[in-house]
Every structure is written in C-alpha cells, then in structure tokens.
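I've put the structures underneath this note.
The same subunit A turns up in both complexes below, where it pairs with subunit B and then with subunit C.
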Partner chain A sequence: MARTLPSKQRRRRSAGVSISMVVPAVLIYAALLVVPVIYAFYYSFTEYNGFPTRVPEFIGLENYRTVFGSDDMTGTMVITAVVAVVGAVAVNVAALGLALLLKRTDRFNTFGRVVMFYPHVLSALVVGFLWQAILGPQGVVNTMLEKVGTDSLPFLSDPDWALWSMILVIVWSLFGVQLILYLAGLQAVPEDLLEAAKLDGAGRWQTFRAVTWPSLASTVTVAVITSGISLLKTYDVVVSLTGGGPAGSTKTLAYTILAVSFPQRDIGLASAQAVLLILAAAVLSLTVLFLRRRAENDAESIG
Partner chain B sequence: MKKTLTSAAALRVTFVTLASLCMLVPMYLLVVNAFKSQREILSNPFTLDLGTATFQHLADAWNNPGFSILKGYGTTLALVLCVNALAMVVCAPAAYVLARTPKLVSRLLLFFFIAGMFIPTQVILVPVIFVLRAVGLMGTMPGLVLFMTATTIPFTLFVFFGYIRVLPRSLDEAAAIDGAGKYYTLWRIIVPLMRPIIATVFILNALSVWNDFASPQMILGPGSDVYTVTTGVYAAVGQYSTDYTKVFPTLLLAVIPILVIIVVMQRHVMSGLAAGAVKG
Partner chain C sequence: MSANRGSKARGAALAAVVPLLLLAACSSGSGTSGGKDGEIRMMVNLTDNLDRAYWEKLVKPFEDESGLKVKIEGPTGKSVAESFPQQLAAGTAPDVIQSIFPDDDTAPELVDLSGEAWAEGTPMFDAYAIGDTHFAVGVGTQTQSLVYYNKTAFEKAGITTAPTTWKEMTADLGKLKKAGYTPMQTAGDYQTGLQLQQIYHPTLNELHPKWQSAVTNRKLTVGEAYEPAFQMYADWIGSGYIARSDAGLSPSQADGNFIAGKAGLYTNGSWFAATLAKAGKLPFEVGVFSPPVADGKTYPGPQGATMANPYMVHKGASDEAGAKQLVEFLVTDPAAVKAQLGSDGVFRQESEVEQTGTDALIQGILDHAPALVAVGEGQGNVRLPVAGFNPKFTEVAQSLYTGASPADAAKAIDQWTDENR
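Now for the complex of A and B:
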C-alpha cells in the first residue's frame, strides 16, 4: 500500500491518529477527576449551599478558618491523622512480619496467605457491619464475656475504645494486601546475599537489617504510600462500624465531608475539607518518595 | 543447633496458626449465625445447633422487599463489566501512544495521569456531583460508570504503559510496513499480547468497583431505586443493626459470590495483585 502522500501531510495525519487515541482517556479523566478537584479548590473559597439557582459567594479563607477554628473539626483531623499514621504503621509491621514468616512456599503457607488476604476482597462496609455484630454492646465478644462472668467491654460505646477498635478492624481488613506486596518484594531479595550473610555468621536480625530491609526499600515505599492514602480516606468502615460515634470519636475527615458537611448543604466547607485531604495525600506521597530517594542516594554513596 | 531450629519452626507454625484463627473467626461467626434465631445468636454465638438451624432468615434476606440482593448482584456486576470495558478501551490506545512517543509532551501527559493516583477519589465526590448534574448524568448508571472509570484510569493507564513499553517496537514497524494503521496494530497485535496485564488490571479494578460504597451511594443517591450490593446492604442492615437475624444473613449473601471467586481464583488474584502493585 504505497501511499504517495507528501511526508509532511502523512506526518500530520499520523499525529492526528495519535491524538485521537489519547483524547478519550484525557476527556473522561479530566472531566470527572481533574475538573472536580479544581471545583473543590474553587468552592472551598466560597459559601455555597449547592442549589443550582444560587451563585457561590466568594468568602476567601473563611471556610479554612472554620475548619481550623472549631474544636470539633480539628478533632476530626486529629482522628484522621491517628487512623492514617497508626493504621499504616500497624498494617505494614503486621504485613512485613507475617511476610517473613510465610516466605517459603509450602502448602501451609499458601493457606496462611489466602487466609490473611481474604478480608481485602470484602467491602469495607460489610467488614464494618460484621465487626459491629462482634464488638457491639450485644455482640459476640460481650456475650461470651458475660457468660464467663466478666463485665462487658465498651469496644464501640466508649470514645477511646471505639477509635482503637476501629483501627484494629481496619488493620484486620487491610494488611493482607500489603502482605502480598511484601511477599513479592521478598522474592527480589538476592539469594546469594542472604547466603553470604549466613556464611559470615550473621544472625537473623543482622541479616534482616543488612540484606533484607535495604532490598525491600521500594516495596516499603509503595506499601506505605498505598496504605497511608487508603487510610486517609477512611469512610465506609466509619459508616458501618460506628457511625462516627460515640461523641464523634471516630469521625474521620472523609466521613465528615460526605456524611456531615454535604448533607448540611455546606458545600464550601465540605470542599475545604476535601482540599485538605488532597493536600495531605500529596504531602504524604511526596515525603515518602523523597525519603526513599535520599535513602537510595545514601545507599549508592556507601556502595 | 538442630533443636533451636525446630523450635523456631514450631513457634512460626503456632504463630501463623493463631493469626489465621483470628482472621477466620469473624467469617465463621458470619456463617453459623446466619442460620440461627436472634435468641440463639445472643445466647450461643459460637455454636450451631443443627436441630434448630434454619434457612428461614437467609430466605427472608433474599426476599427482602426493600432490597433484592439478586438485582444488587446484577447491578454491581454490570458496573464492574462496564467500568472495566470502558477503562480498557480508552486506556489501551492512550497508553500505546504514550509508550511509543518518547517526547516531552507524552511524559507530561503521563505524569498528569499518574498524579490522579494520589487523589483520594471518595472525597471529591461532592464536586463530582455538580459536574454530573451539569451534564445531566447525576443519579444515573452512565454517570456512575463514567466517574468510576475516571477513578480507575490513572492506575490502568500507568500499568498498561509500563507493559507496552517493553513490547518490542519491531512489532509495530513490521505491521506498519504491511500497511497496518495504528488502530489496527494496537487492537490486532499489541492488545492480544497484553492478555496477562489485562487480566491483572481487570481483577484489581473489579475488586475496587465491586466493593465501592461511597460512589454509588452519593451518585445514585437514595432517591433512585437502583442498589448495588454495598448500597443495598447499607439500606437493608443500616437501621436494623441490632436485629442479627437480618444482619448476618444479609452480610453472608453479600459476601458469598466474591468469596467463591476468591477461593477459586486465589492464585491469579494474589499474583495479579503483586504484579500490579509493585509496578504501581
């Protein structure tokens, strides 16, 4: 099919084809992800109740002042931060620890991996309802405690307990994914280095510090970022496990946006909260990436 | 020396067994209590008396007039298939072009897409509602499909990009010499080679779409009668969370299909997850 088009025209046509291949993805992505983010920024500086007939009224930083000014909302942010930080640490420690235990592929370990992983395929909403039936005032655990003659425990009815119960439930349901990540990462740890360490008489801990941990660096980065971001937007579990209570002790930022500010038609405030979460996610990712790059540079200067 | 080794192994096995128990007990409770009356659940949550076990509560949950779980499966499955199909149809060409044009523009575009991975999609649902309302898709399945597709595009595109980049360019050149256009080359030559990565992406996107609660809840809204599995469970269990004869059977029905799929396909799911996530 020898076409006799001048090369310039042909190149232009080929560029046109390329553009037509990229445009659909750009359109959907931009319209429903990028534009909403821009809108969130814009609305966050306005007072707006969401009615189509009303024009958002520009009020500057007022919404942010409200967010940082009210104890209720700073409390929400502290709770979100606690969930994200404590949760991410717990998830990753549990996942890495179990990955080291389940590293060998035998039948027992394969079974263990599936068992650790399965909660991830349940929706967080279902997980929350299930654990509510287990930890609630009339739930399974308290029934059993009463049976053995002990007082019941306020897993979900005491503000302090509720937050830790919720983090426990989140860790239970999430660490399986990170476990798979770490198992994949462990396969990339060079076998000869491990053997060399053994021959040199290094103990388990020394081997881990000197060989396994450095080889896992990129896996750790990915695992921490992904778990941190998914914990930042904790919403479903709150809805089904605690409903934000008792006394707002489990109200995360995502929950406040979708279940409090939005239903109250406080679009400006909801947007300001959304912007803060987006910034937190960006800062978290950039920090982890930056730390990793520095660690890599250090490693290079040593090696 | 030998002795310490075996005791370490025994410790490992004990620990893993205990951890496995912790993981499995909630599921065990969910299964056995779906067959019991409220009184039995409250008095003996751990045991199942086969003499009094009944399918009545499961049947009631199945026939719940407010939420048909069968319809819920159907809606969610349709959602999973549509979102995956659309995401792949738009991402494969885009990833192909970006992977084959080593120019600054395509680097920037790729970065633009990857940045989307760090947007906590649930929290931009409020402005998304206004965008969808402006184009008349708020409260509709097409609107929900489009939004969920948008949220899967960054990951899908990035993983496709990584995969296509290592496919030899000589394939394209051979096709071009034979007179094939770019679209033909993509769908007839590149996409068939992408089967493994398509399977991975399909599984991961399917999991996240199946389990999503916030998006269908906010976009479909309580006014519409369309329930996904998650929003239906919320409607059916939300207010009755102390009536365990509603909670356990409904939850069991909600998780059965996905658990069956996971047990049957566990190897693919887990290896796919590892492959996809390490690349991400």
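Now for the complex of A and C:
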C-alpha cells in the first residue's frame, strides 16, 4: 500500500518546487533589469565619466536641475512627448483599421498581413536610410515632383515637416506588431454577439462601437502601452533619417541620451535623462491602465 | 522548522547577492588590459580605403623587426571616439589608439610621451599639449579650411581668379548662380556646422587669435566670434547662393553634386581629395583655394588643421615599451610615414611624397599657410570650456537655413555654452 504524504507537506513541497523554478528567472531579471535601473538612479545623483579609475562624485539633484533648466533639454522632452502621443495614436488607429480590413482569412488577406508586417522586420536604422532616400531633398518623391514641374517639398529640411515626416516613418515601421495584436484581439470577439448584433439590425459602425470595441479593451491597452513605450525610446530612426535635425527639431530624449550625453561621457546627466524616460514610461502605462479601469467600472455601473 | 528557516534565509541571501555577483562578473576588472604576451592591440579607424589589409601591411615591417605581433582592431561601437572610452570603462582598452585625441577624461589614462626624443619633431606635437604633457603624436595634418571649385563653372561665369576677400566671394557666388550652377554646395548632418567653421577659420583666427582660449577666459563669447559668419551665411541663403533644402541633404549626396559638376564651390577638408581621386575622371577640372580673409588682412590666413593619424598609448598596456616602439615606428619610419601620407587626405608640410594635381594644390596651401590653428572645440591647451561643441554648432548653423536670424543663432550658441560650462 503506497504511503500518501499529508496534504500540508505536499503543498509545502509543491510550493518549494514552484519557487525553485521561479527563482532563476527572478534572479536573471533582477541582475539584468532591476540592478541596472538602480545603478542608473544612483548615477543620476553623481558626476561620473564611467571610468573605473574615477569615483562617482555625489552632486545631489544637480543633473536634474541641468535637465529642467536647459531650453535645449526641455525642447527635447517636448519633441519626445509629441512623438510618443501622436505616434501612439497614429500607430493604433492605423493598426486597428487595417486589422478590421484584414480580419477575414482568405488568400489575399494572408498576403496583406505579411506585407503589412514587413516594415517591422526591417532594422529601424535601415528604415531611416530607406525613407531618407525617399523623402530627402534629392529623394524619389522630390525628384518626381520636379519632373512634373512642381516645387519640391521640405520633408526633411523644414523643422515642422521633418518632425511629422519622422513620426510618419516611425508609425510605418511600428504598426506591424500592433496589427498582429489587434488581429489576435479580433479573433477573440465572441461570434454570437456579432451575429446577435447583426440580427438586431445593427450597422457596421454600431456593431463596432457596441460589440467589437468593448471586447478589444485589453488588446487596446496592451497595444497603446507597448507602442507608447517604443515611441518614447525613439532613437534609431532619428539617427538614420534626420540626425536630430534640421536645427535640432527632431532630437528625442533617447537620441540625446545615446548620441549626446553618453558620448560626452556625462554618465550622471545621461542617467538622470534615462531615469526621466523610465518615469515617463511608467506614467504612460499607469495612465492607460487607470483609464481602462475607470472605463470598465463605468461600464459595470451602467450595466 | 529551523532548517526551513535557515534555508529560506540562505535563499534570500542568495537572491540578494547573485545579481550583484552577476553584475560584478559582467563588469570590468581593474587589471591591465592589452593582448597576449608579445602582442600589441591597436584600435584603428577602419574605412573603405583604410581597411584591415592596409593596417596589417603598414605594421608588418615593425612586426618583422621587433618580433612583436600587432593585433589590428576596429571600433566595437560607431567609432574609435565612442569605443575607446567604453573599453576603458570595461577594462578592455587596447594598447595603442589611433585617430582620436586626449581630453580631460581620457588624458589620465594615457602615457605621457613628452620625454620621448623621437616624438618631438612630429607634426603639431606642441599644438596638442595639455599643460606640459604630450599624449598624442601624429603623422601629418588634415587641412580643414579648403574651398574646392569647379574651374569650368568659373570660366562660364567669367571668374578669372579665386576670391581672396568676402566681397569678391559674394560677387562670384552671384556670377555662378547666373551661369546656372548651384553657387555653393552645402549639406545637412555634421557637415552644416563643419563647413561654416571651415570657411571661416582663417578670418576668425585673424580677428581673434586662439579664440577658444578667449571664450574660456570669458573675454569673448562664441556668439560674438561667429555672428559675422552667421550673417554672411544668412545673406547667402537669402540670395539663393546656398539652397535651404541642403539642411536635409546627406553629405554623400553633396559630394556627389560637386563631383557631377552641378556646384561651383564646395567647402571641405583635405580628405575630400581622396573622394575626388576615387571618383575617377571628372567632367571638369578641380581647383582649390584657401578661404577669404577679413578686410585689410593678409591673404592667405591661418589654416585650420588637425593632427592626422594621431596615436596614443594606453597607460594600462601590458607591454607599454612595445606599444611605444610601435608608435615610434608609425610616426618616424620613412616608409610608414609615406604610406600614411598617401592614404586618406593626410598632408605634411614640406612633404615630398608623389601627389595628384588636387593633392599638390592642397600641399601648396598648407606650405604657404602662415599658421596652423585649432578648429572646433580646439585642441591641447587651446580648448573651449565645453564638450560637444561641433554637434551643437551644426544645430545652430542649420537654424539659419530654417529661418533663424544671425542674432538668434549667436544667442543660442552662447546660451548653450553658458549652460554647459
């Protein structure tokens, strides 16, 4: 007759097994993500060039004062916010719109999905160079405009045009992943609800507003947060498309950290900028989650 | 029970310590860097023509003679300037570093070559001294203040001699425009600021010798130094002599426009001669002149120049003596110097290396220059009190293309300098 362990002991053993499986992942996560963030936070209060021969010098909030006291930096933060907010809205509108068009599975739509995902496969650096060749003063578009006798357009040589051109290019390169998220989300919309809406005589827009949109709530949350964070980190496209120009009009915070502060070995200042970027990402995520929670609560109270 | 508690405590301690151990394992050691025994690691700038084969061929005679092995390494990041500090921080810096200069951060990590008899006669040795110490030795100069021009365009525009004053230059730009050429080719990216500095070096250094030191000592502001240049550029942009759209043009496209014969004038450094040579037969003859000078001053003015092929030795080198020997070979061995002078727009005053037509013109300008002056942020003891000047200057210069006034541009560069002192 087999001996059975007492249930308490069994639970404890099972918990031990679970913990032993989780601990390695937690340790790796902590070592590779948590510890560097703690270090960045620490360095943000120091003046340090990153060399082992030099000891970081504690300077309190000086780096943060520099960030907020410099017109250059505050301008950069405004540009980053515009890119993140406008870009996130555009990426998600484009991705959701295309997902609705491509949700039915037929041969054409399968091909369409592959084509739409293709930009995301390209390196962001390649995307920048590619669009530079298309939108530059001597690029494909302007050459064609000149051929037909029209004035060329300052896509990359006017500050406003350059910012919107860059956002357009980033949206083009990013929406593939969001498209996949929305396609997956649309698969989960209950068919019976859609059919019921149809039987009740609801039009396409009414069906979308009353059935599809509420069912996509969690997908929208994930898509907005992931795209917003990606856009906050915009760096590669800036490097290869505009180089931050003209006249600094497309300089994002990530570009300033990686292309200006780190190369100048201003580790303290770069860390302060990085901490602000992390906080911005956290605020963005929490705001979206809060708005979603409130919308759900409102819906429940109405229901 | 107690055993469980003990194991939990051990687990917690492990959880706290392991990330730190992992971090320590990933971070630098404080020991010496450098290669294996008898091997010297040299980080160099790798380009299309200065490729690994070129460098290996260059150091081969040294290897044969000394019995040491030289390991050529390209930058691990975007450039040597970016990679060397990263490797210093990681404790993996190479023994010899080529193509960059010492600064306040890196100087303490480098070997002082002041006492080396062979170093003294090398080009621009004293110009790069920080205090009384010399960390860099080079092979020649990269001449910065050059204006390349299209002789065919000049003929068609009725211009017989290259301009020596700003008034003549502005008049010539007008004639080139009338003749159907892009009067002056400029570009975006780093080139906007670089070209404006290049064309203005001689004038600026006549009006304010060692202007970087004057800014450091608060006797001059960058805005005051450069406002006349901003005004001149703004006037040229307003007159259509420089295209506003150039602010979005890549430097390689600008090179291409000049090479294709579309532009009359093109400001660039001596390295552009290598691009011209590579382009083969051009549809026009290339001329080169030193930029104009200020009214009432003697032409030609001081020539902006940087030490070409600079070498520095890392203090943590495992074989410091071997590393110094290698640098001595690179900057003094006649065959090695000759090979480097013929490589990529590197010139040396009074050099007798065989040259192409354009190279000979540049050599003439270098030989006739009354002085070689520090460019951009400066060098050695003639330095601005800020880092990152060139990218910011480019941003400010580009603002002239996008509608800012010269006064706004001067104010912007002064504000940035004050914020970053």
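Convention: the second predicted complex is superposed on the first by the 272 of 303 C-alpha atoms of A that agree within 3 Å, B and C clash if a C-alpha of one lies under 4 Å from a C-alpha of the other, contacts with A are read in each partner's own complex, and residues count from 1 in each chain.
The rule is short, and it goes like this: a residue touches a chain if its C-beta (ideal position, glycine included) is under 8 Å from a C-beta of that chain, and two chains touch if they have at least 3 such contacts.
All values reported here derive from a predicted model rather than from experimental measurement.
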* Asked: In the superposed arrangement, does A:F155 touch subunit B (first), subunit C (second), both or neither?
  -> second
* To do: Using the superposition described at the top, determine whether subunit B or subunit C touches more residues of subunit A.
  => B
* Go through the superposed model and pick first if A:L61 touches only subunit B, second if only subunit C, both, or neither. => neither
* To do: Kindly classify A:V35 by the partners it touches after superposition: subunit B alone (first), subunit C alone (second), both, or neither?
  => both
* Touching A:Q138 in the superposition: subunit B (first), subunit C (second), both, neither? -> both
* Asked: Given the touch rule stated above, what does A:N49 touch, subunit B (first), subunit C (second), both, or neither?
  -> second
* To do: Considering only touches as defined above, state whether A:Q264 meets subunit B (first), subunit C (second), both or neither.
  => second
* Looking at the overlay, does A:V93 come into contact with subunit B only (first), subunit C only (second), both, or neither? -> neither
* Looking at the overlay, does A:V26 come into contact with subunit B only (first), subunit C only (second), both, or neither? -> both
* To do: Could you tell me if A:L181 is touching subunit B, subunit C, both of them or neither one (first, second, both, neither)?
  => first
* Asked: What part of subunit A is shared between its subunit B contacts and its subunit C contacts?
  -> 26, 28, 31-32, 34-35, 50, 52, 132, 136, 138
* Asked: Within the complex, which stretch of subunit A touches subunit B?
  -> 1, 14, 17-18, 21-22, 24-26, 28-29, 31-37, 39-40, 43, 50, 52, 98, 101-102, 108-109, 111-126, 129-134, 136, 138, 140, 143-144, 172, 177, 180-181, 183-185, 219, 222, 226, 229, 232-233, 235-236, 239-240, 253-254, 257-258, 262, 267, 270-271, 273-274, 277-278, 281-282, 285
* Structure fact -> In the complex, subunit B touches subunit A at residues 12-13, 15-16, 19-20, 22-24, 26-27, 29-30, 33, 42-43, 45-46, 86, 89-91, 93-94, 96-98, 101, 109, 113, 116, 118-128, 130-133, 146-147, 149-151, 153-154, 157, 179, 181-183, 186, 207, 210-214, 218, 229-230, 233-234, 237-238, 241-242, 244, 247-248, 251, 254-255, 258-259, 261-263, 266, 269-270, 273-275, 277-278, 280
* **In the complex with subunit C, residue positions of subunit A that touch it** => 19, 23, 26-28, 30-32, 34-35, 49-53, 66, 69-72, 132, 136-138, 152, 154-159, 162, 242-249, 259-260, 263-266
* What does subunit C use to touch subunit A in their complex? -> 11, 15, 18-20, 22-23, 28, 30, 81-82, 85, 88-89, 91, 105, 108-109, 188-190, 192, 243-250, 253, 387-388, 391, 394-396, 398-399, 401-402, 404, 415-416, 419
